Amino acid sequence: MMWLTLLMVLPLAGSVVIVSLPKANEKLTKQVALATTLIVMGVTIAMAVGFERDNVELQFVEKYAWIPSFGINYALGIDGLALVLILMSTILAPVVVLASWNEAHGGRWSVKTFYILILVLETMMIGVFAATDLFLFYVIFEAMLIPVYFLIGGYGTGERSAAAVKFLIYSLFGGLLMLASIIALYVMSGAQGGHTFDLAALSNLEMSSTTQNFLFLGFFIAFAIKAPLWPLHTWLPDAAESATPGTSVLLLGVLDKVGTFGMIRYCLSLFPEASKTFTPAILVLAVISIIYGAILAIGQRDLKRLIAFTSISHFGFITMGIFAMTSQSQSGATLYMFNHGFSTAALFLVGGWMISRRGSSTIADFGGLQRVTPVMAWMFFLAGMSSLALPGLSSFVSEFLVLVGTFTRYPIHAIIATFGIVLAALYILIPVQKALHGPTTPGNENLSDLNLREKIAIAPVIAIIVVLGFYPSPLLKVINPAASHVIAQFGFSDPEPNLNSGDK
Amino acid sequence: MMTSNSLVYLIALPLAGAVILLLSGRRSDKWGHLLATALSASSFFVGLYQLSLMLDRTNEERPITQKLFEWISVGTFKIDAGLLLDQLSICFVLLITGVGTLIHIYSISYMSHDPDRRRFFAFLNLFIASMLLLVLGDSYLNLYVGWEGVGLASYLLIGFWNQKPAYATASKKAFVMNRIGDMGLSFAIMIAFATMGTVSFTGVKAAAEQTSTAALTGIGIMLLVAATGKSAQFPLQAWLGDAMAGPTPVSALIHAATMVTAGVYLITRSNFIFDAAPTAQLLVVIVGAITLMFGALIGTAKDDIKKALAASTMSQIGYMILGAGLGPVGYAFAIMHLLTHGFFKAGMFLGAGSVMHGMNDEVNMRKYGALRKFMPITFITFGLGYLAILGVPPFAGFYSKDMIIETAFNAGGIKGIILGTVTLLGAGITAFYMTRVMILTFTGTSRWDEEAHPHESPWLMWLPMAILAVGSVTSGYLLSSGDALVNWLSPLFEDHGEHEELLSPIIVSTLALTMVAIGIAFAFIKYSLNEVDEVAPSDVSIFTKIARQDLMQDRFNEAVFMRPGQVLTEVLVKTDEVVIDGAVRGVGRAALGSGASLRGIQSGFVRSYAMLILIGAVALVAAIWVVVQ
Amino acid sequence: MSDLALQVGQTASPEATLFWILAPLTFLAALGMLLVKKAVHSAILMAFVMVALAIFYIAQGAPFLGIVQIVVYTGAVMMLFLFILMLVGVDSSDSLTETIRGLRPIAIMAALGFGGLMVSLLARATLGRTAVGVEAANADGNVQGIAQLLFSTFVWPFEVVSALLITAALGAMVLAHHHRIQERPTQRQLSIERFRGESLANAAGLPAPGVFARHNAVDVPALLPDGTASVASVNASLKARGDVLDPSQFELSSIDTRVEEEK
Amino acid sequence: MNAANYLYLSALLFTIGAVGVVVRRNAIVVFMCVELMLNAANLSFVTFSRINGDLNGQVIAFFTMVVAACEVVVGLAIIVTIYRSRRSASVDDASLLKR
């Protein structure tokens, strides 16, 4: 059964249905979009049930010739890592549709267009994680920018056009570097047994270390822009500030994961030697991202920008985990990707509701919301606690795994990164105090609490955050084989406990 | 080790209470507090049942475990959600659930007028559950969950009235300073995993013997950092005074009896590490000694009854930490002092709450006076707690504190003499500031505000106070008669043999009582024989001024961490905007700019285009001229 | 320089004489094209350059080209130029002041550079080469020789060029064809316009140009009874060209207006 | 007679034509300068034909003349059209490309 193609076709089919709907009937449009995303989620879960956890090979493989003369295939397949990310994307999609029920109304174009864009984006999100042909991956990687560009530029707030353009150009720049590397790989594959874009075949290419370094950088910079790594991060706060909360959830929650996913799937497997060469530098950048993102989050006055900077800090953790190359850090990083999707979703959605009610995203404009809108305030607080990785919530497991795993090989990095957890307390508690606590300030007295639709939208997110905090095993069992496979491919094994190490 | 499947109920019961109360919303306003109290009490009874089972077993079989489920398992990093109940944790379980239940009962009445009483009880239950997880976790990581859980509960409860900005700030401060301590715990776990490959108590204990001293010292110091955060020890002590922003029952339960003693639990639980890492152990002692003097000195200058008691708590925990730092001989005494302190300090806090209840929430002791006649029960229970903390025989503190002083003197060499002197001095100062509290509050003339109508609290409030007072009187004797607690705990600690005695117990007790008497005398002269001003006098010595400002701890933190931190943040925000994003925008602007300037060439005049063609032709010919020789 | 003098001395053949007389004149004429103000003068100088070139062609053994040059260029093309000049105003003179800042000096610099480079390139390239001469090629006659080539080797370009020529002719027709934007107004419409329009001032037709009895050229506006000039009396294209003369010089006030009675 | 002299003359005429295109504003004069450049090239072709001793150069010059004639016809038509709409034969006035 062609599970993955089915997954990719379903949202497209939904968008075709929406196209044929009358423009005036916005409610029907939304219902169709919601139904589509729910069906996709259901199919994904059904697929996940059939996933063989201990099989490290790619599963649900599909392969059809696409452009045979260039050796381009339509090739799909997933491992545990991709499965987890696809699961996250398809669960977040209905949440976003439901949560941003009224977001499309302030847009430049119709409500219909908004949902078509979201559904098309969902197709791309699934495809980008499932593609095993480098060309297919690149096409989807770049094509994803289009719906997001229109979602930011058409339905955002403030300087939405400028932010959308900045996002687009920044991403395109990285994409072009990657394209150059892909072409180089293709050309080299021609000299070594036939032109191909197949990932597995390309990972066996032989090349000189200089070539490998350059090609690695081409890929890595593209991914480092996507998963904003200091100092390539500045597009993210702008985009998040201007985008609607729903778009931000998809942008930070899913799209940016393509960056970290790509680091594992492409950078590590295609260029193992170069990855080793650059690991020290990347780890330093990751640690800087963690601390820098956190400090900048503390200094923000705008709620959306603050959340964006917390994500930069979190992506630092993920990147550090990936390149620390221990099974704990690698599994932790993958789990972190999943958890970050939900904790950021919760923050953005609740933050978005707060902002749309108050009509301002400046933190100082809020005050005393806990007395006025208790449910909303508690949801924000919970989301914040998840962001600062409170034990018992999902982010803690992943963050701690990353730290512990990194510490066994790179203690100094881990120690510096751990300071991030103190900063995390500050960047969450400062907005919590300003917005939720204190006396109710003028302008906030009459805000309404969450309605039923919003409660239904946020409930699964919070539930996942809490349940995975206490019981992450089901996910870890899917992730672990994939993660250890990556490390084994890479020629690393976990450092043995060293009873005599004199390290402090 | 035996396994059991009923340990989880200890935690599950109060946790269920918290969840039910938080999720049901206003529907449970009517009965929520009763449910919470009942669940806390039932957890206490489960604890008693476990104690009875444990008493029936031999020493070796007493610890029992329960594995709930596999929590995290990645590679060799395998953590089960497992519980461990041994002789040490059962003490804590009973203290937490026992005192906790009493404080639940007290709060029913104390909080009866608060519209958010349900939420308060939910948080209390959450705290009980987290604290139980802290003491029952069978690995450092499980402990960590409870460790941060109590931090969260403490944050929520300190900020319970967070509509007041100062209270909200106090809660944030507590959480952040606790997080610094938590970071220490993270480091300890990381080092433990990196060096020993395990983080469970049994695993670490087994591996500790082969582990290098350097690694153990690292773990020990990091555990100490964790303890200083949670237990408000030097240098992370500054949050405790502000934490008094929470409702008084919270101060009694969390910031006196239980949570703040978690550091002592951690150090005692990690005895196998500290025993093998003398440097870390020495640091523990130093931290304890500094804090006990620090707290005591602050206590002498505070006019706010709760802050005076908070300073006292800090100081008493300093005793415990010092005791725990003295090695195998001290652990049991530290725990004993922890338990007796749990009783008398909780009782005194509840008394303070009772006084505030009768005095329109006035906390300034200078506005009290002569309350003895109006609140006899409060006076008696508070007085018993007072005698206990002073260490007057036969009250509880006499047994526990004198043992620590004695152990300190016997630590050997110059270290023993210094520590002994410090603890003795601390005892004297304790006597001074506690007597001051007693005199200002209950004796002398009344200095009330006009609206104050002091009255005794209802029975729901004084009953817990009375029970705790009984504990303050008897617990010391019960725990030490026949070395009951020492023997009970001894299987857990390595015995390194008896130290030589520098001073005999009699001499120590005499010395301590003398110091106490001097302290009382000073306080009596200063506050009972002289008039007490209603407003704190400003023409006081520089030392008093510093002590009133908590020995400059906040100023220090602000000057050294907060201000530079704020400056750093602002600088970085500007840097990000100007330099990093500036570079990005600069690229864009350069493209635009070069386009704009090159656009000048496109003047629209055909002739200028022709001109360009001509220049191109010149260049071409010149190239030919150069190339073709 | 001495080489040049030597060459001058050595090429004292009739052709050389022709060259040294005509070449400087040609050069000066071309330069003059640049410098004179009126376009029509430029055209005359151009015609001279072309004729001179035709002579050079003939002198170099290309009589066919020489004749074609005179017939096609000097005859047809230059006439076309003059025709257009008439159309846009034969008198109109260019202002030689440069309006695009910095263009002229750059142009002169570039021209000097270009010329200098070309000349020095030629000087280097032609050293030691002697001309073969076309006498052998012209053995059967120049026209026959060219025809031979044209209809054999170059027959394809020749056809292409003929197609180009036809296309150009068509193109010129299309371009020159005045495409009406509106329907040409009928007599009736004009009439209605004249009498039902906003004013009746022009109902009797526009005033004719020319100051009565003093000047009747089309570029002089008529004077109205009050002595002012009537702008409406001059053709619009003359006005656009700026070829309207000031009528004041022909006003009667500037001359003796006394009426002498005659018996 | 050294045939190279014609080449020098041709180069000079070409240069003058080029300058004329740049500096003159009257479209007709500009066109004449273009013609001058073409003619200068023709002179070179004819000279090279003589130097090389075959008629190819002359044929090329002949083609050039045809193309030049085409160019003149179309160009002048354009000038007329522009003149009709803008009442000006100055190339500077047709500067709509700027915006």
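As written, the chains take the letters A, B, C and D, and residue 1 is the first residue of each chain.
The working rule: contacts are C-beta pairs under 8 Å (C-beta built on N, C-alpha and C of every residue); 3 or more make two chains touch, one makes a residue touch a chain.
Predicted model, so just to flag it, every value in this text is computed and none were measured.
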Per-chain CA centroid nearest to the all-protein CA mean = A
Please state which pair of chains has more C-beta contact pairs than any other pair.
-> C-D
Whole-Å gap separating chain C and chain D, where each centre is the average of the chain's CA atoms | 13
Between chain A and chain B, centroid-to-centroid distance (C-alpha), Å | 37
Euclidean distance of C-alpha centroids - chain B vs chain C, Å = 101
Length of the line joining the C-alpha centres of chain A and chain D, rounded to whole Å | 65
Residue numbers in chain C touching two or more further chains are 100, 103, 107, 110-111, 114, 118
Among all residues of chain D, those touching at least two other chains are 18, 22-23, 25, 92
Which residues of chain D touch chain C in their complex?
-> 1-9, 11-20, 22-26, 28-29, 31-33, 35-36, 39, 42-43, 46-47, 49-56, 58-59, 61-63, 65-74, 76-81, 83-84, 87-89, 92
For the chain A and chain B complex, residues of the former touching the latter | 166, 169-170, 231, 233-235, 292, 295-296, 298-300, 326-328, 331-332, 368, 370-371, 378, 385, 390-392, 396-397, 400-401, 403-405, 407-408, 411, 414-415, 418-419, 421-422, 424-426, 429-430, 432-433, 436-440, 470-473, 476, 480, 483-484, 494-504
Which residues of chain C touch chain D in the complex?
-> 7, 10-11, 13, 15-16, 19, 23, 26-27, 30-31, 33-34, 39, 42-43, 46, 49-50, 53, 56-57, 60-62, 64-65, 68-69, 72-73, 76-77, 80-81, 84-85, 87-89, 92, 94-95, 98-100, 103-104, 107-108, 110-111, 114-115, 118-119, 122, 126, 129, 131-134, 136-138, 142, 145-146, 148-150, 153-154, 157-158, 161, 164-165, 167-169, 171-173, 175-176, 178, 237, 240-241
Which of the residues in chain B come into contact with chain C in the complex?
-> 603, 605, 607-608, 611, 614-615, 617-618, 621-622, 624-625, 628
For the chain B and chain D complex, residues of the former touching the latter | 602-607, 610-611, 614, 617
